[in-house]
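These are the structures, in structure tokens.
Both of the next two complexes hold subunit A, though its partner changes from subunit B to subunit C.
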Partner chain A sequence: MYVAVKGGERAIENSLALLAERRRGDPAVPELSVAQVREQLRLAVDRVMAEGSLYDPDLAALALKQARGDTLEAIFLVRAFRTTLPRLGYSLPLETARMRLARRISAAFKDLPGGQLLGPTFDYSQRLLDFALEAPEAPPPAPEAPAVAEAAPSVLELLAAEGLVEAEAEPPGAGEPPDLTREPLLFPAPRAARLQNLARADEGFLLALGYSTQRGYAHTHPFAGELRYGTVDVELVPEELGFPVVVGEVELTECQMINQFAGSGTRPPQFTRGYGLAFGHGERKAMAMALVDRALRAPELGEPVSAPAQMEEFVLAHSDALEAAGFVQHLKLPHYVDFQAELDLVRRLRAQAGEPPA
Partner chain B sequence: MSARAALAAVRAAGERARYNFAYLDERTKRMIRRAILKAVAIPGYQVPFAAREMPLPWGWGTGGMQVTAAVIGPQDVLKVIDQGADDTVNAVNIRRFFERTAGIATTERTAHATVIQTRHRIPETPLAEGQIVVFQVPVPEPMQRLEPRESETRRMHALADYGLMHVKLYEDIARYGRIVTAYDYPVIVNGRYLMAPSPIPKFDNPKLHMSPALMLFGAGREKRIYAVPPYTRVESLGFEDHPFEVQRWQAACALCGSRESFLDEVVTDDRGGRLYVCSDTDWCAARRARADAR
Partner chain C sequence: MWHAVDEALREARRDWMGLLARAPLAFLEQWARTEQLAGALPARTWLRPPETGLVMLRARAGGSGERFNLGEMTITRCALRLDSGEVGIAYVQGRSARKAELAALADALLQRAERREALRARLVEPLRARLAAEAERAARKAQATRVEFFTLARAPGEPT
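Coming up: the complex of A and B.
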């Protein structure tokens, strides 16, 4: 009768063995390689890198394999590895204006310097199941265009030059941006801390919050000013050299939202900004992030805070998928003692109310 | 050695080479120890700290594990309990984690342990000077369910303005005739800070008062550490006409006959059969061993 809670050690070992077996699946089917995951499930790899806050496609692919394709579990594995890595230095801010573009669109202008570049996107694919993929098949090579020589400056900088969009200036007294993986999040949080939090936030959570702002819960009148995806150099200034050195490149998706702003007592009417950035190709994430970033700027712009997407503590404290998944699922842990204490209390309350003892 | 055992040995050696003693790097441990020192200096005050991601999920004891990792050394003897028991899966898992990453000695005996990491209980065996109890804390802010905004609760702590909590307890009495908080029952530490003792049953609250052991509380997901230093006053909230009181049972432990310990109810059949056993497995086993010896 008291056996159920005993034998934890053996139960765990057996559970792990079962898990390994399930992970492999039918041994008659060839095993998936990490390289296959990295190359062919790339968007899953990208999401693991983005929310895992670690740019390493191989580790993200390994994590996805180990996690049996469960994205959150893979993010968890990557974060638990990342946390043990020493912090060797900080790169220079990435120059996304110098991105080698694979895709770049603006919904605000028909044409613009650098042009619109559709690139690889599901957007205009008709979502019909392609049964040809059931059999291995190499797609015909995609047509290639000559590399775009024209510079593609950020659309928002074009408008900012006219004063129509707020300047991207550091708020006064901002100081060095905090590092949320090295310092606790304190409220009220500077925008730099908010953006860090949103960058590693759960995509689904941001998507729902961003969506809520479009349905009247803190409407921000957004336009997708620019969405770009491509490769950016990472530069570091080694102390002993004193000048920047390219140490690698990362794929990024960046979204700059333009939001209407009627002006306030201290600011003239102009467009304001919401910003989104994600590792890899993550447009949904970057766009949702930009909507939420803008909504969270309500106090700074003198707007009333009335909807969830504007509430800094509500958004930032609940955005991390691992924190949320961990705490929701901790309800699986034993609660015998608490439940016993509550059971005792309810019995006393019932006795007091004249109910017959259960 | 079987192929499987050989593989396990290779993996273990590889792991130890990649990870520091007790998993966390020394700089992180120093950061956590600084937070602990501040917490000890201001009993009951919640010190923010940069909780690291741990290889266990948030909400499963990551705060306690980080505190344990920061204070433990190679000479320490660790005991891990969950619901008072050493053998529940979560306790086993955390103990295995420290065996694996720190290679330290572990024990189930409360008296033999130098560090005790616990979830939801304080051991029945009285604690001694030099022992450290590390609590896993899900929600460090005692007023969070009354006021979810941390910016507000921090202000209340700064002003020692705990009217909100007193009103909650008063409303309990007005509505139910008694205070209906059975666990995580709020306490005032050293006459100053309102503190959540973590979800221990209120039965355990008196053990916090003037304890000779150092009590450390780690909340990983919420990124807070707080402490009750040895021999510190810890009062459970109450009113003159409705003083704080602890649970008592009609029954005794079915295994060891204890009448002074916290008892878990065990459903024995589908006809309403129940029996009660000690939640503290070490306490229960020790009592039975003594009875057998007699």
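Coming up: the complex of A and C.
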């Protein structure tokens, strides 16, 4: 139990001043601007947007600067900021099939309509430190090739049309999806609540859980059916107008995992699916999310629930970086009364056992 | 007949509002400066001064299945009325009150039939061309990374 304490105002003020000085670092080194963070540390910005659950690159960059590059602290700042803003509405469902692609690959098919685009990826880099970056960098413009007007439909939709993979369609009569920013998480959680939870979940936690499914703790036999990253329009219906308008655009990473097939006496065999979607360019996040989404579908697909990644209460209750960091770090707060009580108890027990007083 | 005209205007408005929402602020400022020089910016009153808030972005499981709440985005909205009566509305991504104001002003002016064509030529079409050129350049760079993978098939009789 935590009992409130008083005092320490001057020490706290001075601590904040010291923090500000440390944030700035050596004043002989030029100060980092928010725009520099936004443009040059973009993947950190994207992670803060994804787990902060707020798409605003400038805010995420500011949060990273303020947090001295501590991702979780930046996520905390972004989440706190969002509570100060009113909710003005809901978008229409984002149409990821109409994404303006910067990257799109499939590990299941070589040849797919729309082609495979490597885009900006570390995948084929050699992971050798590039000491040339110690000096100012001015890379030449990236090469261009004629754009093609070929559609790039979702690979899984093509397979679903043949019945080889389960179809994803809006269930008839589906109501408004649950919103975890307004309603508590209840178990068993519907898939819509699970996906919202996973979309804002800590990347490291999802990565470890996804990895565990690959090592045998919940076998889902995944193929990366399609991974795409690019820009999607955001549309909503303003209350004054009654018709949808585009209000902006967001970068998204989407992973469609093709998994373990299942069939029965009444149903022909069919691959199952897991889905991952993240703000910005976050492939590890989207892939890990898709693995965990699929693992959490075990009860629905008639699979035994035996591994951590399949246990929704374990996964969903521990996935949020903010909650986890908060509860672990609250141990730093004074627990003096608590500890004194336990100390007294241990002393009394030792006295009863005839130990000499410590 | 009237209905068809309304429908066409609605589609046109949907189109220009979408372009204005994606316009860089500097582009709208440049337009506003040009119009101001021509004495073309009319008096207006706020029906709803700029307000920044959140919109919850929705997605679908598997891209096409049940809807879920993905996460939020900042948005700024406003509504204004020109002295001539047209009501301009803006819902634009981000936190810029100025951008929302300029987008709403352009929306109102574009509703004036007598000015629409001129304003299209000065604002809407150049904006469309600019956004299309940016998207085209990004698509060309992505296309340059298009890859053809080959599987290395074994020759018949080769041990597997």
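Methods note: the second predicted complex is superposed on the first by the 340 of 358 C-alpha atoms of A that agree within 3 Å, B and C clash if a C-alpha of one lies under 4 Å from a C-alpha of the other, contacts with A are read in each partner's own complex, and residues count from 1 in each chain.
The rule is simple: a residue touches a chain if its C-beta (ideal position, glycine included) is under 8 Å from a C-beta of that chain, and two chains touch if they have at least 3 such contacts.
Note that this is a predicted model, so its numbers are computed, not measured.
Asks: Clash or fit: what happens to subunit B and subunit C when subunit A is overlaid?
Replies: fit
Asks: Classify the contacts of A:Glu157 with the two partner chains as first (subunit B alone), second (subunit C alone), both, or neither.
Replies: second
Asks: For A:Ala325, select first, second, both or neither according to whether it touches subunit B, subunit C, the two together, or no partner.
Replies: Only subunit B; A:Ala325 stays clear of subunit C.
Asks: So, does A:Arg82 touch the first partner subunit B, the second partner subunit C, both, or neither?
Replies: both
Asks: More subunit A residues touched by subunit B or by subunit C?
Replies: It is C that touches the greater number of subunit A residues.
Asks: Given Cα centres, how many degrees, to the nearest 10, is the angle at subunit A formed with subunit B and subunit C?
Replies: 110
Asks: Looking at A:Gln256 after the superposition, I want to know if it touches subunit B, subunit C, both of them or none. Which is it: first, second, both, neither?
Replies: In the superposed model, A:Gln256 contacts subunit C only, not subunit B.
Asks: Tell me the contact category for A:Leu54 with respect to subunit B and subunit C: first, second, both or neither.
Replies: Second partner only.
Asks: Taking the superposition as given, does A:Thr266 touch the first partner, subunit B, the second, subunit C, both, or neither?
Replies: A:Thr266 contacts neither subunit B nor subunit C.
Asks: After the superposition on A, what does A:Ser125 contact: first (subunit B), second (subunit C), both or neither?
Replies: Once the two structures are laid over each other on A, A:Ser125 reaches no partner at all.
Asks: Just the number, please: smallest Cα separation between subunit B and subunit C in the overlaid arrangement, in Å.
Replies: 10
Asks: What is the shared patch of subunit A, the residues that subunit B and subunit C both contact?
Replies: Common to the two interfaces on subunit A: residues 82, 86, 181.
Asks: Could you list, by residue number, the parts of subunit B that touch subunit A in their complex?
Replies: By the definition above, subunit B touches subunit A via 18-20, 23-25, 48-55, 57-60, 62, 82-85, 87-93, 96, 119-121, 138, 148-151, 176-178, 180, 182-184, 199-203, 221, 223, 247, 255, 262-266, 268, 275, 277, 279.
Asks: Under the touch definition given earlier, write down the residues of subunit A that touch subunit C in their complex.
Replies: 49-50, 53-56, 58-59, 82, 85-94, 96-97, 100-103, 110, 115-119, 142-148, 154, 156-157, 167-171, 174, 177-181, 191-193, 195-196, 199-200, 230-231, 233-234, 236, 238, 240-241, 243-250, 254, 256, 273, 275, 277, 279
Asks: Going by the contact rule set out above, which residues of subunit A touch subunit B in the complex?
Replies: So the residues of subunit A in touch with subunit B come to 1-2, 5-9, 11-12, 76, 79-80, 82-84, 86, 181-188, 313-314, 317, 320, 322-323, 325-330, 333-338, 340-345, 348-349, 352.
Asks: For a test of understanding, state which residues of subunit C touch subunit A in their complex under the given definition.
Replies: 10, 14, 17-18, 21-22, 51-75, 77, 79, 89, 91-95, 135-151
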